[in-house]
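As structure tokens, here come the structures.
One chain, chain A, links the two complexes that follow: it is found with chain B in the first and with chain C in the second.
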Partner chain A sequence: MVLKKLIRNPISLIGLIILLGFILVAILAPVIAPLPEDVLARNPNADPYRIPRYGFASTPTPPSKEHPMGLTEGQLDIFYGIVWGTRTAFKVGLTVISISCLIGIIIGSVSAYIGGKFDEIVMRFVDIFMSFPFLIAAIVITTILGRGLENVMLAMILFRWTGYARLIRGNVLQVKQDEYVMAARAAGVSHIVILIRHILPNTIFPVIIQASMNMGSIVVTAASLSFLGLGAPEGYADWGQMISYARNWILGAPGNPLAYWYTVVYPGLAIILFVLSWNLIGDAFRDIMDPKLQG
Partner chain B sequence: MAVAKKGELLLDVRDLKKYYPITKGLFRKTVGWVKAVDGVSLQVRKGETLGVVGESGCGKTTFGLSLMQLIEPTDGKILYNHKGNWVEVNAKTIKGLRSEIQMIFQDPYSSLNPRMRVRDIIAEPLAANGVTNRTERYDRVESLLKAVGLGSHHMKRYPHEFSGGQRQRIGIARALSVNPSLIVCDEPVSALDVSVQAQVLNLLKDLQKEFGLTYVFVAHDLSVVQHISDRIAVMYLGRVVEMGDVEQIYNAPKHPYTEALLSAIPSPNPDVKDNKIILTGDVPSPANPPQGCAFHPRCPYATERCRTERPELVADENGHSVACHRAEELMLKGVDVGETA
Partner chain C sequence: MLTFITRRLLFLPVVLIGVTLMIFVAMSFLTPAQLVSAYIKSPEELKNQSVSELVVKYGLDQPIWVRYINWMKNVLKGDLGYSVSANMHVTEAIAKRFPATLELAIFAVIPVIFGGIWLGTVSAKNHNQPLDHASRIFAIVGWSLPDFVFGLIILLIFYGLAGWFPPGRLSVWADNIILSGDFVQYTGMNTIDALLNGRFDIFLDALRHLVAPTITLAYLWWAYILRITRSSMLDVLNKDYVRTARAKGLMERLVINRHVRRNAMIPVVTVVGSMILGLLSGVVIVETVFDYKGIGLLIAKGAQQMDYTLVLGTSLFYGVLLVLTNLVVDVLYAVIDPRVRLE
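For the complex of A and B:
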């Protein structure tokens, strides 16, 4: 039913179509961009997230028949990187969102439901987390734990849950005053069941909307951390990494500012479309999830 | 009306208190107390309706929630006659008493979970009290819906598809589901249109007869409770200031506050001159109640003694109790029971 409404709304339909495209690309990555045969011949178990290399020249190579989006500096296949990078984007986005959302929802709702001094203490703890500048914290974490996507995700989870915790806490504080919560207690329903059956269904949707809108920004953050060299290892299929390979070529060549456009436009476009699709869907969700509008 | 006068006691509340802390600052230091319920003692007999009346903020809801242990009382005892055995109602025993004592809430818009179907709302107390078989629960819901004037075609609907009166009927069915003996009704009609109020009141009366229910019926004025109550307790700032049979309270009130509440009942006869006693000033804050008689700043009969000495609740030989220094000398104006609609 939600899906039907998403499809009927032209804005969210566009978002949905773009997202569907990304999902297809992610699923079909081994078909769309298989590892070249010579790589497989050398190592049948080669990691498909390693972008194949076609030489060592430092100047990017423009698009051609074999490499439809061209090659980066160091001759990594851009098309291949974007296709497999879609998987990376989903992996990072979904992992960070689902874990940080889960942590935030549990901590925020329990804190608000218990209330009083307990809630006060938990929220001061959340404030402390929120007052850290994220980028510095991410640098510190990856310095301690080492470079890598997992550590970048860990850093993001560590600093993302607080937003969801706050959001759901505010909603729970309101809803727990509603008389149906009293009625459930009068009926003898246990606290945990009250939280799950009565409070969460009436407070969780704004958090889910927020989370879907954040999918894009998480992928952007992951990309910028990769751009800074904190995230994915060299040669890993990751959109941020692809852009970092374009770093020296964004300004083009003397007299021809557009000489290396393909190094930045394709990965940039992938990131922009990804963010856009989630935001469009999130906006539409907001309207749909209002219970008063439900038939 | 006072048929249940000599009946067996069902509920015995002794000196019940609920103080809410007023906290300040980061560490929630307690800087004072809101004495929402400040020493209420009363008894309810089996099968009767005790009306609890007082202006908004006088502690009626707090009293009702304390009875149900939905908030923890600060002090006092609540004793309940559970099939012949007196048990103290507290956080431990309430679990076993949930199917004995139920509640109907004030706001039918906030008292039903908007995301649950009617049948699950009504069946929830059953599920929580050991009726594990779903079919059995839904069968019971069907008969409950009929009992409150709704039908089985309403089972799968959501609350927003109903009017205020219908929603209140759903709330009533929910309270009835576990076959309770005592129902605390917290202003069950005050949020409804006047035209619907009478219907719901009549339904409650019919259900009382049918199921042998006992009601503690909370209201903020004396007009609503007149026809449903056997006895009335008038509350002011967390205390009972007058209590007695309906005839005693309406015909011969002894407390100036009761007199003022009675004068506020709209008369159905337009020829009768309006003798409204306008209560001046707001209800004082229960965080900082006046010295002496808490009603003295608004009482037209207040004397020096009222400002310093608090009157205790004293019962006469007919069981009519009042907390007023001048109760014996004042000739207060009541209304004829039956004169008002």
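For the complex of A and C:
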């Protein structure tokens, strides 16, 4: 039903189409951008997330037949980086969302179900986590644990679960006093079963939807950390990192400010379209969920 | 009202202790040798004493709660350690850089609040008409442009192509004047200092350097405030008292300005807290893109060089700053919306 509405709305339809494109690129990455044969000949188990290098000069090379989007700083293939970067984006987004959502749902629902002092303490704890700017927290964690995508994901999980915990808590508090819960309790059903079988199925979906709509912002945050040089390792297929490579070339060559446009335009476009698709769907979604705003 | 504020104030130390605990827990993942720099008073100490001597001297071999109390004593004295990458005490580095960031944030907040609220109002008044759709698309696109991509595009267009708004905080000539003895730095905010010193040319130069980072920092929140104002205005437009106001023949402009907007502002104020949070995170990226020497660039550079002392000290400063601004926002909220006080 919701999907039908999303397709009928032109704005969210565009979003869905772009997103589908990204999903296809991510799935078909080994077909669209296979590792070059000479890399495979040297090392058959080469990591496909490492962008192949075509030389060692630092100045970018403009697009050509072999490299349709050109080579960025360090002669890394931009097209290859964008295709595999799509996989990186989904990998980071899905990992962070699923784990932080799981943690948030467990802590939030248990806290609301138990209630009282326990709930109060847990929520103050959540408040403290939420009062910290997320990017700063991620910088602290990656400085201490070291650079790397795993640490970026860990940092995001540590600071993302709180939002979901708060959401599910509100929902659980609402249904906690409902008659079917009371009935189950009167019938002597154990607390864990009540929570899993009766309460969660009625409260979990808005949280999961909300969480999946955060995909865009999570990918942007991960990319920002890579842009700052704290995320993906050198040469890893990651959009944020590719934009950070473009940074030194953004002002072009003397007399030709647009000399290296391709280093920023392609990776920039990839990340903008990715986030845009999620936001288009999310915006239409909010309207469907909130009939007050429909005209 | 008073009980509301007292309750918030009573909770304040708890949050502040929570923030320090979080930073301290992060610190405890470091080895004592790495931590030494957070305790030394000057770089000479590292030359004259071995690391293991320093570990004992500053009690880094003590149990964790003793270390926390010792560390807190230092923090309360304003001693956050010595930063190797900035080559000065962390507190000193923060004091030096913070005015620049504050200046940037103030310049960004003004267009965000006024422009966003105005566009949101226009959008709601023309609900579901082309203007509304246009502003909606503008907001979604704005919300989808990551700040580091947008910043680079701005830099490319307004500096690379047009040459109008250079990166940095000041041109070299203006910097030289500021660092010379004749120029008094009252606040550390270049625009204000320039005016106080009667140097209008420096004021213009500072302004020129502020335009690009301000736009980059502001546009995202502009879109956000626009959307919130719009939906909250639409909400209020359907209220009975608005119908009454219209029925009694009030001019539409007065209905919007007096009855609708005032009530529609309440949800907007709630997001001001998260906006300040967002702006203060945003400066890390924006200052990096435009090489603007504020606290954001300080922490980004520190993190790249693994300067734990600097990163931890600055983030503690950040945390405390945010807790305090949130408190102010909450109190303001209670002033605006009487319902909150009664809760």
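Definition applied: the second predicted complex is superposed on the first by the 261 of 295 C-alpha atoms of A that agree within 3 Å, B and C clash if a C-alpha of one lies under 4 Å from a C-alpha of the other, contacts with A are read in each partner's own complex, and residues count from 1 in each chain.
We adopt the following convention: a residue touches a chain if its C-beta (ideal position, glycine included) is under 8 Å from a C-beta of that chain, and two chains touch if they have at least 3 such contacts.
Everything quoted here is computed from the prediction, not taken from an experiment.
Residue contacts after overlaying the shared chain place A:P201 against chain B, while chain C stays out of touching range. Once chain A of one complex is fitted onto chain A of the other, the partner contacts of A:L230 are limited to chain C, with no touch recorded for chain B.
Judged by the touch definition given at the top, the superposed model places A:V140 against chain C, while chain B stays out of reach.
Residue contacts after overlaying the shared chain place A:I271 against chain C, while chain B stays out of touching range.
In the superposed pair of complexes, A:D178 makes contact with chain B only, with no contact to chain C.
In the superposed model, C is the one of chain B and chain C that contacts more residues of chain A. Overlap of the chain B and chain C interfaces on chain A: residues 292. For chain B in complex with chain A, the touching residues are 26, 28, 65, 68, 70, 95, 98-99, 102-103, 105-107, 110-116, 121, 124-125, 128-129, 158, 160, 171, 174, 178.
Those residues of chain A that touch chain B in the complex are listed here as 116-117, 120, 178-180, 182-190, 193, 197-198, 201-202, 291-292, 294. Interface of chain A with chain C (complex): residues 11, 124-125, 127-129, 131-137, 139-145, 216, 220, 223-224, 227-230, 240, 243, 246-247, 250-252, 257-258, 261, 264, 268, 271-272, 275-276, 279-280, 283, 292-293, 295. Listing the residues of chain C that touch chain A in their complex gives 11, 14-15, 18-19, 22-23, 26, 29-30, 127-128, 136-137, 140-141, 143-149, 152-153, 155-156, 159-161, 231, 234-235, 238, 277-278, 280-281, 284-285, 288-289, 299-300, 302-304, 306-308, 311-312, 315, 318-319, 322-323, 326.
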